[in-house]
Amino acid sequence: MREKENLTLLGNQQTEYSMDYNPSVLEAFQNKHPENDYFVKFNCPEFTSLCPITGQPDFATITISYVPDERLVESKSLKLYLFSFRNHGDFHEDVINIIMKDLVKLLEPKYIEVWGKFLPRGGLSIDPYCNYGKPGTDWEQVAWNRMSNHDMFPERVDNR
Amino acid sequence: MREKENLTLLGNQQTEYSMDYNPSVLEAFQNKHPENDYFVKFNCPEFTSLCPITGQPDFATITISYVPDERLVESKSLKLYLFSFRNHGDFHEDVINIIMKDLVKLLEPKYIEVWGKFLPRGGLSIDPYCNYGKPGTDWEQVAWNRMSNHDMFPERVDNR
Amino acid sequence: MREKENLTLLGNQQTEYSMDYNPSVLEAFQNKHPENDYFVKFNCPEFTSLCPITGQPDFATITISYVPDERLVESKSLKLYLFSFRNHGDFHEDVINIIMKDLVKLLEPKYIEVWGKFLPRGGLSIDPYCNYGKPGTDWEQVAWNRMSNHDMFPERVDNR
Amino acid sequence: MREKENLTLLGNQQTEYSMDYNPSVLEAFQNKHPENDYFVKFNCPEFTSLCPITGQPDFATITISYVPDERLVESKSLKLYLFSFRNHGDFHEDVINIIMKDLVKLLEPKYIEVWGKFLPRGGLSIDPYCNYGKPGTDWEQVAWNRMSNHDMFPERVDNR
Amino acid sequence: MREKENLTLLGNQQTEYSMDYNPSVLEAFQNKHPENDYFVKFNCPEFTSLCPITGQPDFATITISYVPDERLVESKSLKLYLFSFRNHGDFHEDVINIIMKDLVKLLEPKYIEVWGKFLPRGGLSIDPYCNYGKPGTDWEQVAWNRMSNHDMFPERVDNR
Amino acid sequence: MREKENLTLLGNQQTEYSMDYNPSVLEAFQNKHPENDYFVKFNCPEFTSLCPITGQPDFATITISYVPDERLVESKSLKLYLFSFRNHGDFHEDVINIIMKDLVKLLEPKYIEVWGKFLPRGGLSIDPYCNYGKPGTDWEQVAWNRMSNHDMFPERVDNR
Amino acid sequence: MREKENLTLLGNQQTEYSMDYNPSVLEAFQNKHPENDYFVKFNCPEFTSLCPITGQPDFATITISYVPDERLVESKSLKLYLFSFRNHGDFHEDVINIIMKDLVKLLEPKYIEVWGKFLPRGGLSIDPYCNYGKPGTDWEQVAWNRMSNHDMFPERVDNR
Amino acid sequence: MREKENLTLLGNQQTEYSMDYNPSVLEAFQNKHPENDYFVKFNCPEFTSLCPITGQPDFATITISYVPDERLVESKSLKLYLFSFRNHGDFHEDVINIIMKDLVKLLEPKYIEVWGKFLPRGGLSIDPYCNYGKPGTDWEQVAWNRMSNHDMFPERVDNR
Amino acid sequence: MREKENLTLLGNQQTEYSMDYNPSVLEAFQNKHPENDYFVKFNCPEFTSLCPITGQPDFATITISYVPDERLVESKSLKLYLFSFRNHGDFHEDVINIIMKDLVKLLEPKYIEVWGKFLPRGGLSIDPYCNYGKPGTDWEQVAWNRMSNHDMFPERVDNR
Amino acid sequence: MREKENLTLLGNQQTEYSMDYNPSVLEAFQNKHPENDYFVKFNCPEFTSLCPITGQPDFATITISYVPDERLVESKSLKLYLFSFRNHGDFHEDVINIIMKDLVKLLEPKYIEVWGKFLPRGGLSIDPYCNYGKPGTDWEQVAWNRMSNHDMFPERVDNR
């Protein structure tokens, strides 16, 4: 349960910032509204990692949207987790899949999707998107529907 | 019925503003168009509450959209109700669920949804969304459909 | 038929502007393309009426979108009709339902929807939406579908 | 076939500009990718015609979107065709239907839709939309689906 | 596999830029997440080719979105491939179909779509769109669904 | 002085709304910061009056910006004053000059400017601007400077 | 004087629209506020003329801003005047100078400036700007100052 | 000096949030670049206070921009200071002057300006602006110049 | 003089497009309004050249603004001239200076400025700006003033 | 001189990325246009450093604008230099002053300014700005003028 006494991270700024990929910082707490489904979306426009080949920094906006089952992710722990990619190198497509899988393991959510929008390199930008619906529930079909209708009205991008 | 003589709130500015969460200020009046369904949406870009852990102020835009059955919510009472969160502390996910449940109790609407878009803290922003369709009506299925297709074309957020 | 000789309103600026709600100014003319369905949308960003309680002016953008059957609404008569709300007092939810019902009576359209977006009062703005599909036609089902999927991607509003 | 030697219009600026409605300037050429469906959209933000009653100029953005069958419309001939409305008078609703029907006759496309967004006159603007799916094909159903879901998320218009 | 030692293109700026259409520069590498579907989108706002009739340069934003099966396209090779259209002449509709077919041959993806948005010539702009779903899989139906719902909420274009 | 007990307008919603031009509703109160200059700007996007020739409603955004001397204008009285133009007919150029002169008489400010931006009629919109600096002070020269540099970077207007 | 009885143009829609350049349609009326300077700006986003070489239509937004001396231009006559360029051919640079000179002749204003923003042809757009200050007055110097500081913060243009 | 050991506020989240106007929370530290002038701007879009008459919440974006002399304001203390207006009642014009005067007392800056942009109440919004230049320095003249050229190109506001 | 018979470029699409830097394509014609100063601005959002080191294509929006003396640049020749950079390699800073110097040689204008806004490479974009005022005229001082006040209110750029 | 053989950085991707503040990576090359002044602006929307107190990542857009004297900064070395702040901790105000001073030392430019716009922390964002004009030249006065007129028309910021 996210009670005042347990949430040391949120009320404590001496937190150590891990400098490489570290899924162990993720923390969860109990969902207080299990009787109805709801979405929680995180907007993370300050994500940064390194290119595994050239060592150059990459920048992205990551959007994480999920429907909790029994647990929610604690937001400050999510921030530390995302921060841990700062000096870590991975391809764009991998980063997005890895974030989703770490959160599936932590939360066992009904549904989750992760969308990355990376800044351009060499005139080209890459936006990977993955999702997951809990097997054996209606959310498995929702995941397929959302995947097959993904991004039908893409935003305009002009590299500037 | 929302008749001139009954609507003391709207024509009376001596209203006392409750300084902590107070669902009892909510008032309803009779729907004059029960023969056809219609949506009423409230845009509330001036919502503010407190973080239950740190006591810091949080800011959000709340959107409430519903299909009335027999009653509508009186808009000035809704404003007072939302104002009563001003010095109250609750997590983002809870605020949204609580607002929806208070309005379901008041209005017994055919359908309702509540979406909060909170300003960022620590580089991350959180946007919870919940909805409800009256059990045993077609709106129960609508609620599932709207939940499973929620926010498929998310707005761009850049923390600035 | 909208023929040159019949359309006195459009070519005549001595038109009297009715100062209170007056549905009798509405005029229709014959649809010249009855063999295929099409939409006609009116954007009316200059709507104004009075608050029935306080007498303060309210402002709105009204969008009217319909599929004609045998008749179209003459645009200048629609303008005069909307103008007639200028010194008339009614609640936001009622204004939208009344406009739709007056146009259903005039046009007997296959489909119609009316959406109002009112400027905020007290930090809150209200956007009602109603629609109608001709009973016994496929448009009845369309009306239900459009109602149940209404406004799933709401615009951002910031009161400024 | 759109081969270099045949496309006199595109490489020849002595073209005569017809000053009244003239569908005969439209030219088609052969679709080189008949084995797969694809959309071609034309954005035409510089359309202008005359009001049939007052003789005043009207301005519009016209969007034409179609799925070719055996023929494509040559773009310069389309430009001349649209230009031929310049001194021609017709109501907004008619202009859109006429353009669609002329292109259906020329191209016999699988699907086509035409959307006009006219600048306001007297504070009101009109946006007609029509479409067509080839009878006896799956595109007939697509036309109905697109018509019945048309413009569910209308753009904001403010006359300024 | 995209391993550091194999990706000579990404870490090597002496790459030769091919000056005419050259699909042979395209390179693929192995998908590391074959167990779940995901989308990868490329935004390419700097595409340029020549008009086959007049020799004038054309400019476009190309969006390529696909669901990988066994292989992903290497992003620097994709950039070189798109660059190879720079002094090559082809009609807008052909360019888009050709890009899609070359990528289908290279990747045999589950799904792919290519959308071009060309800058206006003579007041008119052209935006072709094509897609593909692997025959015999559910993605074949997805391709039809996405095609038949393509671009229902078109962006505003004003040539300026 | 704007003290709680004196400001009956602000705390009283039974205010009568005058239906024709009525400068007598304007009220002033004492400036509490006379030792330093400061600007106060009012944004009034809901102004409406009537065309003196045709009786048609006109709509405008009025911006009033002034540097107080001894008195400030009470904001609710300003609102009632602007409201009193609702059924009053005057040319755009006159409206702006009249508002400025009424406020000069009331406030004797150091400086004031009034800018109106009217919605288009017949494809043309009119934006008058006037200002005033107290004679015999440095603000007289400021008025000339601001007039002679007025609107050098005009906003884009597109009638839509 | 612009009095109700004299302004036949504004209250009369049988006005004939001149189809070629016709400065004689311009009409002026007396300035009622000669004691203070003020600006009047006209936004004209619907200007169209013909290219004198190719006969193709050109489109522009014209902004006219002036400080009246004894006379103001009547807005409907200005509209007819601008309309008279519709089938007239002139280069962009000439159109702007001609409009200014015709208005100087009509109004003998203290100051005037005319700015045209033409839609692109061949990927390039042209925006001419000219101004005038009455010789022998301070406005002559203002004209020089405004010319020498013209457009220092140009708007972004992207041909789309 | 802002050294790690002294900045308890920034590294300590147990800070108590004062619930009424409290200038004593403001803290300063030493300017490390006294040899050259520079501006520091704070954007504070989350300001909220109460209306002193009606008790209703007011919302504003406050911009504070200053040129330090010997001291800078510590950003977390500024946040607490602005937060202390949360349940405090004052008129818009007073809030801005008070903030400036408290910062002048704390920092004795070379120059400072404070601009508030309040959300509308009753269709009208108020934006006060004040500034200060250190007497006897060139910044005194800068303050006059900035005041006399303040806001010459005002932003567009539409209450929505 | 730009007379119909002399302007072969504008009415002739067989123009050869030079594939490398070629200032000789520039053509001028006589200024018909030498008695008054005026600005002519060209917006060129489709400029492209090559990086002299890597051979990669660079993209820019070029703005050219000048005050003619005796000659104007013919717009189609300007387009050909800009096109001739297409396969030419030069640094951003050089491209802008070269364009300005070629136009100074051709036109001997009173004043000219050239501003390039290049798309980002490696996360950084470069915007060079140069200008020129005819020596011995007031425009020499204007050039200094415009240079020293250049770009004081820079646009927001986000690489996306 | 920036000649092909000397610019190893631009044509060499094996560059090592320094992980802490490292001004020694900066490189300059010779200005080829010393006879005329011109501005070069760098837009750097991907800057990131660490908070010296909490260790949290900060994000900013940095704009660097300068007038070269004898030397220009090589853009890739600037990128490496800015990258070297990635794991370095400094206050916002210091970062901006340090960047300017390092570039003054390297380039001895006629003029330079550096503006940082940092993402919000705790609801507040900070935008420092500093500049420099070469002592004993006219640019010293320009620096004062630009400082004293800095940011008079601030952008809107809403933390979202």
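Should a chain be cited, it is by its letter among A, B, C, D, E, F, G, H, I and J, assigned in written order, with residues numbered from 1 in that chain.
To be clear about the criterion, contacts are C-beta pairs under 8 Å (C-beta built on N, C-alpha and C of every residue); 3 or more make two chains touch, one makes a residue touch a chain.
The structure displayed is predicted, hence computed values, not measured ones.
Least step count on the touch graph, chain C to chain F: 1.
Over half of the residue numbers at the chain D-chain G interface are used by both copies of the sequence. Separation between the centroids of chain E and chain H, computed from CA atoms only, is 50 Å. The mean-CA centres of chain B and chain D are about 44 angstrom from one another, to the nearest whole unit. Chain centres here are Cα averages; for chain A and chain H they lie 36 Å apart.
Between chain D and chain F, the centres computed from C-alpha atoms are 46 Å apart. Residue positions of chain I touching 2 or more other chains, listed in rising order: 11, 13, 45-46, 54, 56-57, 59, 119-123, 125, 149-153, 157-159.
By the touch criterion stated above, chain E contacts chain G in their complex at residues 56, 59, 117, 119-123, 125, 157-160.
Interface residues of chain A, counted against chain B in their complex, comprise 2, 4, 7, 10-11, 32-33, 36-46, 61, 63, 65, 67, 72, 75-76, 78-79, 82, 115, 138-139, 142, 145-146, 149-153, 155. Put simply, chain G touches chain D in their complex at residues 13, 16-17, 19, 45-46, 48, 54-57, 59, 83, 86-87, 119. Only residues 51-54, 91, 93-94, 96-97, 120-132, 144, 147-154, 156-159 of chain H touch chain F when the two sit together in their complex.
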